[in-house]
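Chain naming follows the written order as A, B, C and D, and within any one chain the residues start at number 1.
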């Protein structure tokens, strides 16, 4: 099985599950499709030989984020298909926006193709966990630390926001 | 010693006044303003001795902005005017009881700080900051401590604020463009620019909007009368005595030398507008029922003449403009102070409710009279010197400018005498009128002394400003 | 030395003014009067010093240069004084008559609570008048010019509780200011052409043919503008209407300011600038015509006035017209001659009328007078002498000066001579009408007044006597054929004006003038003595008399043509223009508001809509950045 | 397996990413359910991440992957806060229909 075949299969899975995520009526189904979508994207990462990212991706997205979303859905008891019928206009708007965006972005990238193809590869090791670790903790030391602060702040924020508010007298 | 000392005195003085508390505020404010005046005199001495008081200090490296000030005779004259008038104005308000006096006097000093800064800045960015900074204190002074109906006041003051602010934005645009051309905003480097006529036209126009609103030149004057009427007298004096001089000064310092080609090409338009202001202000003043409004329109007329003189681009015109700026500063403060004295006693600004004051207080009537005849430019008073030079410079452009601008002599007498007659003369007013206090008369005495002394011997001021103005005329004529 | 005396001359009245302002209330009325009079007397004595010095050395006028005053690009204006024949002559009668009138005022104003202020203003006036006369350039003259205007304003409105008086004062000041603008513009033109405002430099420039021929148009314009200034101050057509109203002031003021001194400032200025006017013959013609017209117009109004001071006021305007007639004919020294004689007899007349008014406790209407000859003999005789003088009866001063003017007019322009003569006849008539109504017949006032009738005290009669003597013998200074005055003034004028020879024409004209005066007196005699007529009440006046009584409705015409439109315009500007401009500014705010109101529809709260806008916006940015 | 892009070609990844991104965008526009909109946003983020990795591979440069790493961290934070907001909205309004949240309407 050539790589191309693998790619096509993965891409098809990605797009299909992504699409299903969007259109599923039941939020639980959406979430499940999204997990699948993330896994397929993880597959893409593996194809690139970016093991570290693939791992992190699965852990963060498919693990942490999706679990969080599922929990929320459960918490709100949303596993019902109670979304109101949408007006033609909004559907139309969504479709038009989708088509427009798709068209424009594709056009942009196609126009940019000549520049993209010019790049030469150097053959160095650039994406093993070892190298990435070095890059992250040398060149990107400060942003890295900031990310940790960001996550901390987000955590505190989330706790604060979701806390039940005491009634003010 | 350089000129920053005055700015420091005034800025920290404003803070000190605020922290001194309500009771001590006015005393501290007086001391600070007096100190700033003394420091200005020291700067003047230094200038006369030939020592430079300039300073330049790198502030922001990108864009290229300096904390720079350059004090020539013109700037010193304006600085002296500002600090002297601030002192007089603070002193004149001693009898008033303001709520939250510490805030009030701190704002007055802060405004003085900003105005001095405007006069001495040699970097357009710094200048612009000071220019706008001066607007903020007067906004609060007028809004919080003003008189009249609150809603009406809010409407008038907000209009004034937005109007002047909007005008200044055009000036900012011009400065940004100049910066893109020169790579610096130092005034000396801007002077070196060689701009095409097209560019100069736009820059001149942008400056004109800012200054015409501030000065104000007809037809950009609509904020003036209401703002003067509704501000507390201290605010009115600050506005009319000093702040509008900022506009005139800027015309001389920034607008004309930066865009001389445009100034020459379109001179007649601006002369005509200014002179329309003279006649129009005088005519509208004829039928005003409110004393402060009447004085506001008279101010419009006088300032129109000053602006016209400046736009003649001649040494006579510029010199007359500067002399008249100083003279008008003192006179208008005196007139508004007289209005304030009447308001303190009769609690009204309506001319119809006054009258017969001369019987009750001759001393006040005499002093009011002297200030009034000075304002109509009677020879022997300071205003005559300025008016004479201004009208002569207008004559040198075209005789009709002098004749029509000169109608201010007649119309000024008409509305001023009419006002004087209705306010001061006639049978005694039914309301009691307490005699003018020593403290109040001292303000008048100082103002009258200045007006008469320089009216007979204007040479000191003349010698101070002439070299600076010659330089500016040379810059205007460089093209 | 000379400088110091000159300073004393100028500053003495000013110190009098300061004293009376600051210490007047405490010093008491006697001291106030004394200081006020003494300060003017000091000036008079100083003037005498310069007069004698000038007589000893006629070709060297004294120049006192004090300091640089106004600096302009092309020239500087110095604060300096010039004491030549003309200014000394003027100073002599300004300070001389000034002293007498001050003396008179001590008694006249004694009962006024603000006497110190009166003397202060009077002193200030003298100070400014001296300034006007003594200045060595036109700007110093202008200080005095405006300064006397201010004092005139203050003194006309001296009784400031009465708003009618205040209106009169205001009118005087504003009318004067109209003229002042003309003068100022004239000044500018002169400065532009000659590069200086100094009399000496201008006169030198005026004899520079090159300069003059290049600027002949401007010089004529300058002369015209200066003349407009003179019409304001010297009450000529069209700016004369303020002078009769100015009689609202106390009578000494009318005598000093509105008869003897201030109103002659215009003649002084024209004489001062004669070299300029000589270059503009067309303007001189205009001056002559305006002068003659004013003379006859004012005299005709004076025929029917009933207020004793109004009659004198119109007489003053008329006489000033005659002086301008002389100026217009280029006979400056004759104008000056008439100024001097007029100062004598008119001051005397005004003071005399003041004496009458004083005796009648403020009554000014001649219909309520009469028969005062017996009670007030000194007043009567002094006034009689002056009346004869003003009517031009031989050999009193008025005869000589008026005759010179008419003679000159006859030589250059017969119609002007006719107009001038008519004015003279009218003068004789209304002056004797005044005398007859006031002093002859029966007293027509109230019993109360009759009871209090008395001759005025010595302080009032003494100046009257001195002035009457001067009015009688003043003509001696310029007798035809052997004129001391012409000789004295000769250094001023480059082309000497030869005195008229006493030929047959001259005698004939004298006879004609005398006969004319006698005719006028005769008519008055027949009307008011023979027929014992008393002028009718205001309402009963009919026809042309009514028109005359209402001064040809000139005030009303000015009201309709100038004042009302100005008021309307002011109203219009205030109610419409101001509102329109104001609303225009607010309109910008309203536009912003309207945009906001419309724009807020976009903020409809629908996230979908926002997102759509977002997507479209992003797409357009992409298109713009990469695809275009 | 020297370089995967030689076998597959960058353009395929570009197409894939664009499609995925647009699906995400479509989802945000199409749905009213806040949670699903959230998921759609995650899809869009992943589309971008995927493209970043693809270009990182093309350039043989680790920085692209570092960026993805950061963007994941941001996404995690965003989800945490976002969901917390949703929870509190749900508590207040009893629904998470986005159309009900119109308090900012002008």
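Methods note: a contact is a pair of C-beta atoms (placed from the backbone, for glycine too) under 8 Å apart; a residue touches a chain by one contact, two chains touch by 3 or more.
Please read all numbers here as calculations on a predicted model, not as lab measurements.
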{"item": "Which of A-D and C-D has more C-beta pairs touching across its chains", "value": "A-D"}
{"item": "Distance from subunit D to subunit B - Cα centre to Cα centre, in angstrom", "value": "61"}
{"item": "Geometric centre distance via CA averages, subunit B-subunit A, whole Å", "value": "64"}
{"item": "Centroid spacing, where centroids are CA-atom means, of subunit A and subunit D in whole angstrom", "value": "4"}
{"item": "Centroid distance [mean C-alpha coordinates] between subunit D and subunit C, Å", "value": "95"}
{"item": "Of all residues in subunit C, the ones touching two or more other chains", "value": "608, 611-612, 615"}
{"item": "Of all residues in subunit D, the ones touching two or more other chains", "value": "25, 29, 32"}
{"item": "Shared-contact residues (touching 2 or more other chains) in subunit A", "value": "90, 93-94, 97, 101, 105"}
{"item": "Pairs of chains, among all present, that meet the touch criterion", "value": "A-C, A-D, B-C, C-D"}
{"item": "Subunit A residues within the subunit C interface of the complex", "value": "90, 93-94, 97, 100-101, 104-105, 107-108, 111-112"}
{"item": "Of all residues in subunit C, those that touch subunit B in their complex", "value": "21, 67-73, 79, 117, 139, 142-143, 145-147, 150, 153, 157, 160-161, 163, 166-167, 169-170, 173-174, 177-178, 180-181, 184-185, 188-189, 191-192, 221, 566-567, 569-571, 573-574, 577-578, 581-582, 584-586, 588-589"}
{"item": "Partner subunit A, residues of subunit D touching it in the complex", "value": "1-4, 7-8, 10-16, 18-27, 29-33, 35-36, 38-40, 42-43, 46, 49-50, 53-54, 56-63, 65-66, 68-70, 72-81, 83-88, 90-91, 96-97"}
{"item": "Subunit C contact footprint on subunit B (complex, rising order)", "value": "159, 162-163, 166, 219, 221-223, 225, 280, 283-284, 286-288, 314-316, 319, 356, 358-359, 362, 366, 373, 378-380, 385, 388-389, 391-392, 395-396, 399, 402-403, 406-407, 409-410, 413-414, 417-418, 421, 424-428, 456-459, 462, 466"}
{"item": "In the complex, subunit A residues that touch subunit D", "value": "2-4, 7, 11, 14-15, 18-19, 21-24, 27, 30-31, 34, 37-38, 41, 44-45, 47-50, 52-53, 56-57, 60-61, 64-65, 68-69, 72-73, 75-76, 78, 83-84, 86, 90-91, 93-95, 97-98, 101-102, 105-106, 109, 113, 116-117, 119, 121-124, 126-127, 131-132, 135-136, 140, 143, 147, 150-151, 153-155, 157-162, 164-165"}
